[in-house]
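Written out below as structure tokens is the structure these notes cover.
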Amino acid sequence: MEKNRLSEFLIEKSLVITAIFSIIIILLIVLFILMEGFPAFEDYGFFRFLFGMNWAPSDGEFGVFAMIIGSIYVTLLSLIMAVPLSLLCAIFMAEVAPNSIRRILKPVIETLSGIPSVVYGFFGLIVLVPIIRTNFGGTGFSMFTAALILTVMVLPTIITISQDSLRAVPHEYREASFGLGATNWQTIRHVIFPAALPGIITSIILGMGRAIGETLAAIMIAGNVVQIPGSIFDPVRTLTANIALEMGYATGLHYNALFGTAIVLFLIIIILLLIANYIQHKYKVDVGGGYL
Amino acid sequence: MRGLKSQKIISPKTSQKIMNAIFIISGIITILILVLILGYILIMGLPVVNLEFIFANPIDSGASGGIFQMIVSSIYVTLIAGIVATPLGVGAAVYLVEYAGEGKITKLTRFGAETLASIPSIVYGLFGLAFFVVAIGLGWSLLSGGLVLAIMALPTIFQVSEVTISSIPSSYREGSYGLGATKWQTIYRVVLPAAIPGIVTGVILGMTRVISEAAAVMFAVGSSLSMPLSIFDPGRPLPLHLYILATEGISLENAYGTAAVLVIIVLVLTFVSNYLVDKYQRKIMGR
Amino acid sequence: MNSEFKGIIVIAICIILAYLFINPGASYERIDVVGSTSVQPLVEKLAENFTSSHEDIRIYVQGGGSGMGIRSTKQGLANIGMSSKELSSTEKKNLTEITIGKEGIVIAVSNQNNIKDLSIEQIKNIFNGKITNWKEVGGNDKEIHVITREEGSGTRSAFESIVMDDTKIKDSAIVQSSTESVKQSVASDPGAIGFVSFAHMNDDVKPISVDGVSPSEKTITNEEYVLQRPFIFLIKGEPSKFAKEFLSWIKSPAGTEIIKKEKIIPVK
Amino acid sequence: MMNRIEVENLNVYFGDSHILKDINTEISKNTVTALIGPSGCGKSTFIRTINRMNDLIPSFSRTGNVYLDGEDVYDPKMDVVDLRKKVGMVFQKPNPFPKSIYENVAYGLKIHGITDDDAISARVEESLRSAALWDEVEDKLDNSAMGLSGGQQQRLCIARTIANNPEVILMDEPCSALDPISTTKVEDLIHKLKKDYTILIVTHNMQQATRVSKYTSFFLNGEIIESNLTDKLFVDPKDSKTEDYITGRFG
């Protein structure tokens, strides 16, 4: 039996390593980005970098505050538009649409989250920007245009995952509710939606992650002007756009400052994830002992 | 048991009709918007796509000729991602579900996977350059690009495998333990075979997630036009080719053609994974 | 199909896959050329022609921007760096520069814009924000929307050094990350103005003559048209035998013929 | 004894498999009727046809009629919501909502528009008492229903159904997942309920049938072989197949 216990032990340990691997990679990523970005904080000063209003690498100004606001505004605006629409559509797909339609539509929607963001960028540039310009004035490049495109890019992510969590609600709950004479809408509102809430919150988090992390599409239509936008029709520059825009040409402190931008972006995402996990924990349905 | 009268102004029946209408309308609007984009790509792209476009090599940096090299690069890079990420993702899922239970490592790994899934692809691009290309010295090659994509595919493969393995009924495991099997024998002989369809779906979803990445591989894969002979040569996967054709104004038509080919590949992969999920769920639930 | 048989098939597939992946292919000399995305299309065509007559050499051309070209050459990652802007003194340190061509920068407006000519002074004041309406330069009454490239792009730094002298491009200018997106932005907005490299010009947008001189191969070659920027190759220390061969071939008639075909002005 | 439910040559199909064949029977008011038979004989499908729960299954189709107090259940004018309010159902696996005990019982009242809290809490207490669960949960009404034992959960489901003030209660093998003690508690409950409700109970357990029901129908391969007073059916069954089944020779 000795050989058996040894091989069991070895297998378990190797599996532990694969499990911790994802954490090791994150530490590696953080380490490398910190290494490249830290000089910027050191020479330029962390708070001057974080809260500086002016970003002009050629004369040594590296303030990213306007871009932090830009990124957050664009992400929030796109979520405000995307979340209601995608949840209604997810409920339509999960609860209302007949099986045949669902079986065709679900893969199509999932495919849309597989479309490269460059295509969304060009779609925005050629179709959306002129429309926004003629109807709302300005140059057409604006936070609103970027948010519109991000909304469309985020819809598939939220719809697919919310729909799965809605359908994962045990069928018994549906039967029990119908058995008491509840209508389809009452069953969704009082039983299915609350039970699927943790999954739905996860989908919104992932959607938010995708929106704040979007680069190539944002560059083409946000206008990339370093400013805190007055109205939603002002052009704006997001953190990701800043990195992608200037990475090709940056040298010296400018290069480090771009990695500093990546660190700031990373911090914002971690904070958003922690908040979301907390909410998810609070809403988690305490499925205690019992039978179900 | 005296009956109580309903005090609600709108009766449940009418609110049901109203809400049903709202769901249907919003469903149709959303789907129309999404299909509009898919249609936009296919209409703009398909005229360019024919057998010659797919199997010919690009001429004068992609302005004409085909995209065969790009398809080969994409296959190389996605396969590397799958081969590297699958054992890691499945191994982590097996450990979490079978060994760790709700311990500290589980929470940490789950949070790790969630963070990896929400890191913007541009940050992956920087990391790919700084770590794989420079630090490890793999240089600009399909391998560096593939490894970056492996990290991006890892969370998806891990999360889907974890759900699949934990949905395997514990009665399977008890049956195997009952016959004196060790933990690993149970996992290897009973749990994994039952979870294979779910895991395969997870791998396909992971690959679909990374096949359309341009920003992540931009600085790692070298974007060279010539046919890659081995994984140590640089190459230019489809999304990167699409990005360069579009932004350098080389040829917008070919850019849309490349996008159309990519969309078709993703469409096929997604339909396959959905079919697998349906078949797998019907088998497990016996619905 | 019993399990042994299946096992053999699986192993066979792995071996084929491994061979396909790992084999280093024919032995060949590899040259990595990295740098400015505006130089990349030209160098790709040069490499395509050069390698067709030199089977044993493979040239991998990739973009990433001038800064990436400079950095990779300094780190020894790339054999040849590409830059589309004059290098600053720090950037130039221990790199030898070889100018292979010059490209014109065209001031472009929408086809619906009736402006035909602008002076350098007018262009400067439009881009730095002093002039904000087309009627101030003889156009119709419409707000001017300035479209520029991102900080550090070769096209932009050349434009800034020639046109802007001490003033800055206004902060509210829309920034686009590539020649094509600048061109698309200008094409779709009657009030827009931007700068596009000569090789990328097509009839989507209308070129403007500068101080009466309209951009053409002739006016750029004899430097009558002032708005132009160099395509520079960067080498660190002694180039390899094959790299030298490639560089001399570019200066040969065959090389200059291709450069001309790409609407870039060859430099002896 | 006025008939509460009449069924006239009812045939039920799922896709092309013929589940119930020419069912004709009457269920009288305020009595307990047991439906027995081997698994897969269609007894569960039968009671799910009465409150139209089978409508949830896409491949379901039927001919013939089911009358509740004289009204045809499948008449398009009949509103499914009102039907299911009148005909409550308790499922084989206890399925309380992932909500508190109080919320579970109050659910039926709230969805039918009752908003007066005092009326609701009074009805909740009433229902829990009549489900013989009040003493066990009185002080933890806000705890999650998931924390209850199997027997308690099933009685909670019964309380939830009674709160809706139905006329008929359908029970689909309510005790098959319960231990003997909880089963007797549920059976005592059924005895208490029969004076106010018409109860149909599907069961595998023939002793349970004799203990709780007044009438019994024996189902086999989608047909009713024999229906009679429970005592008569178990003492001298008319049909040989019934006799074989209740003496345990098959099924």
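Order of writing sets the labels: A, B, C and D. Residues in every chain begin at 1.
Here is the rule we use: contacts are C-beta pairs under 8 Å (C-beta built on N, C-alpha and C of every residue); 3 or more make two chains touch, one makes a residue touch a chain.
Predicted model only: the values in this text are computed from it and were never measured.
**Q** Considering only chains that satisfy the touch condition with chain B, which of them also satisfy it with chain C?
**A** In this structure, the chains that contact chain C and also chain B are A.
**Q** Under the touch criterion given at the top, what is the topological distance in steps from chain C to chain D?
**A** Step count on the best path from chain C to chain D: 2.
**Q** Which two chains are joined by the greatest number of C-beta pairs in contact?
**A** A-B
**Q** Please tell me the distance, in whole Å, between the geometric centres of chain A and chain C computed from their C-alpha atoms.
**A** Result: the chain centres lie 33 Å from each other.
**Q** Counting in whole Å, what is the centre-to-centre distance of chain A and chain D, each centre being its mean C-alpha position?
**A** 48
**Q** Cα centroid separation between chain A and chain B, in whole Å?
**A** 16
**Q** What are the residues of chain A that contact at least two other chains?
**A** Counting only residues that touch two or more other chains, chain A contributes 122, 182-183, 186, 244, 247.
**Q** Which positions in chain B are in touch with at least two other chains?
**A** Chain B, residues with two or more chain partners: 12-13, 219, 246-247, 252.
**Q** Mind pulling the chain C residues that touch 2 or more other chains?
**A** Where chain C meets two or more other chains at a single residue, that happens at 37, 63-64, 68, 177, 181.
**Q** Got a list of which chains touch which?
**A** Touching chain pairs, listed by label, come out as A-B, A-C, A-D, B-C, B-D.
**Q** List the residues on chain C that touch chain A in their complex, please.
**A** 36-37, 63-68, 70-71, 90-91, 145, 150-154, 168, 171-177, 181, 184-185, 188-189, 192
**Q** In their complex, what parts of chain C are in touch with chain B?
**A** So the residues of chain C in touch with chain B come to 21-26, 32, 34, 37-38, 40-41, 44-45, 48, 51, 58, 60-64, 68, 75, 77, 177-181, 183, 200.
**Q** In the complex formed with chain B, which residues of chain D make contact?
**A** 79, 81, 109, 111-116, 119, 123, 126, 162, 165, 196
**Q** Could you pull out which chain D residues touch chain A in their complex?
**A** 51, 53, 56, 58, 81-85, 88-89, 91, 93-99, 107-108, 110-112, 144-150, 153, 157, 160-161, 164, 177
**Q** Show me the residue ranges of chain B that touch chain A in the complex, using the header's touch definition.
**A** 12-13, 15-16, 19-20, 22-24, 26-27, 29-31, 33-35, 37-38, 40-41, 87-88, 91-92, 94-96, 99-100, 105, 108-109, 111-127, 130-131, 135, 151, 154-155, 158, 182-184, 208-209, 211-215, 219, 239, 242-243, 246-247, 252, 255-256, 259, 262-263, 266-267, 269-271, 274, 278
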